[in-house]
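Order of writing sets the chain letters: A, B and C. Residues in each chain are counted from 1.
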Amino acid sequence: MIDFTFTEEQELFRKAAREFAETKIAPHVPMMEETNGGWDEVVKELAEAEMFAVTIPEEYGGLGMGYMGRLIALEEIARVSVATAMMYQVFGLGIEPIMKFGTEEQKKKYLPKFVTGERLPTVAVTEPSGGSDPKGARTTYKKVNDSYVLNGRKCFITNSHIADVQIVLAKDEDNPEAFTAFILEIGMDGFKPTHIEHKVGMRGCNTGEIEMKNVEVPAENVLGGEGKGLKVSMSAIGDAGRGGMVGCALGLQQACLDESIKFSNERILYGKPIGKLQAIQFKIADMKIDLEAGRLLGYRAAAIQDQGGRSSNEFAAAKYYTTEAAQRAAKMAVDIHGGYGCMEEIPVTRFLRDSYVLGPSAGTSDIMKVIVARWAVS
Amino acid sequence: MLNIIVCVKAVPDPNDADKLKIDPVTKSLPRSDISLVINPLDSHALEAALEIKRNDDAHITILCMGPPPAGNIVKECLALGADKGILLSDPAFAGADAFATAYTLAKAIEKNGAVDLIFCGMASSDGATEWVGPEIATFLNMPVVTMVNEIVENAGDEWIVKADYEHGYRKVKIKLPAVLTVTRNLNQPKALSFSGILKARKKEIITWDLKDLGVPVENVGLKGSPTIVTEMTRLESRREVEILEGSLQEKVDRLIKILKNSGVVNV
Amino acid sequence: MSKIKTQVFVMAEQAGGRIRPVSLQIVGKARHLADQLDSKVGAILLGQNVTERAQELIAAGANSVYLGDSDSLHPYQAELYTEIIVNLLLEHRPEIFLLGSTFMGRELAPLIAAKLKTGLTAHCIDLLIDNEGILEQKIPAYGGMITIICPEKRPQMATVAEGVFLNPELDSTNIGDIIPIDLPEKFPLRVQTLEIVVEKPEGVSLETASVIVAGGAGAEDQDGWQQIAKLAEVLNAGFGSTRPAVDEGWTELETMIGQSGKMVSPELYIGVGLSGELQHMVGIVGAKVMIAINNDAKAPVFEQVDYGIVEDCRTFVPALVETLKKSND
């Protein structure tokens, strides 16, 4: 018998996360939308609420709540602010490879500081040439004596200007088949964030570019071994990255549903709330079905992970399904709002813009289908 | 060390109050799946205890009477920082009014042992009765102050508190052991934390039934309640409402006409 | 001691040397109930320098006033008052004992009920005698009205808020007994009222306002609340509130209208951003015109008013105030 219920403890996690999102994050949202900034404030809130500790094992000062705990937290944060959830999910993405591939020294050095938010990680793989084909990357490293020298540029990097620990994938200058992941730290000469992006949605979520000019990285900052870079980065993105996007998408779906129900109960047409009209009810039903299905896909993949398995394929299916569903939900929510759906002060217009940023993050829907197809025929 | 008991009640989520309505046909409350939450005032009672514990050596026991799902509420209190939970659960306890509830809680407090302070919310959100705290005090022969909004001095075993009073307050000296019922102005409850939830794993929740309390069945629940509900009626609409239509400004203009026609407003 | 058989007892509370209106109202109601039971009304009056006030209770309908006038009775001391009242009730064995839903009444009532092992109903909005002479106590709950009785234990106890019952006509020709109570000597107090401080003067009475604007949770925050306050100001109306608004800390408990707050009877009532929970709505008695502004078309308030406006009060109220101001200029 499969148990599809959340434990009492998981329900409490959700309650805590919801309270946090509604009381601590929601007040920042208007400012984030207005200025495309505010991430320092939001990061502080996340740290105070122990959000960065969620996935980190207890031996490093974390909470060891696993993928399930993270998915619950993400879903509740995204319900209030997808931009915040996105930043939070990518911090998790940065934590993951150090937990999985880091040496004991690296774990001891970084993980306890991630727990408190004193240090913040991200992963930098994508380049102007794309993110899903890392082999086309141009960022290179060259071994000089006992250290490595990196050169290149990474773009569309979430938390580029917040994270002071960045896991950068680079290619051996002399061997285009060899990739290595390096832990770069702000303060290393020649390494800095540059341009800040202005996305159509998820405003206030920091996305930007980083630049490496003759950055000298000591050997102890190699993550997962020389030549193992693709495995390190792809594994992190496949599990934590896709899984994180599922949380963002589910939260947004829930938000679309909540706002639609609220509006359709309030809006009077023909003398009664529009929620009594079947045309509206069908849209609500579609959103609800998508949400229920997406939750099953997402939480199952997370449960597999927590039981010690790998579920990057399951997460690919879930990522495809939930981010597509979030876009459908946002469109339906806007449609339900009629003319109000065109007004910037109405939250659903933000949902629509946010939903379109969910698609390409951590791999487009088409890439997800490629992965799922490979999984199906294997 | 101060031994503190906090009495909490699991109540239907006040946000879902509109789902809990008298059925006009059966004249009873429909069976409902409304989730239970901590009675909002009781979370101020818990916070009062936690505030003491932050500064002094204290042990906090949560005492809750309710059906088994109320155990989740006890768990939540442990996650918020209480040390131990007692759930009083027995079909015989069902249907208790304030008197029978206070009696049962008092018996459990006696069984639990030494106690210096008992905190209760000043009222419950579902029944709106305020009697449980002072009635517990009577059964345990302890002094009580109701509607405490500030703890002025809490050194030693004579405390000074302020309590709500008409257009002002009442300043009261009370000798411990004692019962205090609290208002929401006493404090601001802290949020649930992830680490608190995890710490609660190791904390104990005891369940006591009628036998454990060793009290006669006729003293508890519906049988032990002096008051009974004899009738429930749904209040039907008494007025024929007209919903104003049109744009916002049209509604404003129409409303001003209505105000003028009322004859009591000079506009 | 008196030989009069009294069956309906009332706790008469005084403050600043005046009988509280709620106490007179309850004495008036007790008179009705006692007439139906063919019995007498006894009022208990405790305090310092209150002897002169006893006659007022007789004028309101009490047959006897049990009077405790002593320095030790001021300020209110819960344990001493409980002791005195419990002894009186044990001596006279009344069928019914009523108290005002004042802070004192709400503390004393459960202390007395628990000592006497009897039932107690909070904040009744009506009291009736049924065919068997039992007191039916009505309280609003769950979108309807609940009747509670206390079939076996005596006295049948209830608290009632100010304004639930009408002020009785005072008849100074009424004759009654004023019976001094034997006060206990030296009473050890484990809980001692050190002082009672009145900070705010009694404001404009909601009870007498002909126009009342009441605000609820829909105000969302202090800004929204101030907008509703402005509407009340422009209309020269009393400004009342609901429980959630008080809970949010936007206003004082004294402005709360409803079962456990004030009972009001304006000509015109405007409910703003409130859902129409019965606990609030029972506080509005006999308004000629009732209007509600709420953004939820399904809110129960729209079943209880004459005119409904389905709008977010945070946008509607400022627009209304603006237009009202223009038309006033």
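Just so it is clear, a residue touches a chain if its C-beta (ideal position, glycine included) is under 8 Å from a C-beta of that chain, and two chains touch if they have at least 3 such contacts.
Here's who's who by UniProt: A = Acyl-CoA dehydrogenase family protein; B = Electron transfer flavoprotein small subunit; C = Electron transfer flavoprotein subunit alpha/FixB family protein.
Since the structure is predicted, the reported quantities are computational estimates derived from the model, not experimental observations.
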item	value
Pair joined by more contacting C-beta pairs (B-C or A-B)	B-C
Farthest-lying chain, centroid of Cα atoms versus that of chain B	A
Chain nearest the overall C-alpha centroid of the shown protein atoms	B
Centre-of-Cα separation between chain C and chain A, whole angstrom	56
Rounded Å distance, chain B centre to chain C centre (Cα mean)	21
Distance between chain centroids, defined by C-alpha means - chain A, chain B (Å)	40
For chain B, residues contacting two or more additional chains	243
Two or more partner chains touched - positions in chain C	297, 310
Junction residues of chain A, two or more chains touched	268
Residues of chain B touching chain C in the complex	17-18, 20-22, 29, 40, 97-99, 102, 127-135, 137-139, 142-147, 160, 163-175, 178, 184-185, 225-235, 237-244, 248-249, 251-253, 255-256, 258-259, 262-267
Chain C to chain B touching residues, read off their complex	15, 75-76, 78-79, 102-103, 106-107, 109-111, 113-115, 117-123, 136, 139-153, 190-202, 210-211, 235-237, 247, 249, 253-254, 259-260, 267-268, 275, 277-279, 288-291, 297, 300, 302-311, 315-316, 319-320, 323-324, 327-328
Residues of chain C that touch chain A when the two form their complex	295-298, 310
Touching residues on chain B, where the partner in the complex is chain A	72, 75-76, 79, 191-195, 197-198, 200-201, 243, 245
Residues on chain A engaged by chain C in the complex (per definition of touch)	265-268, 272-273
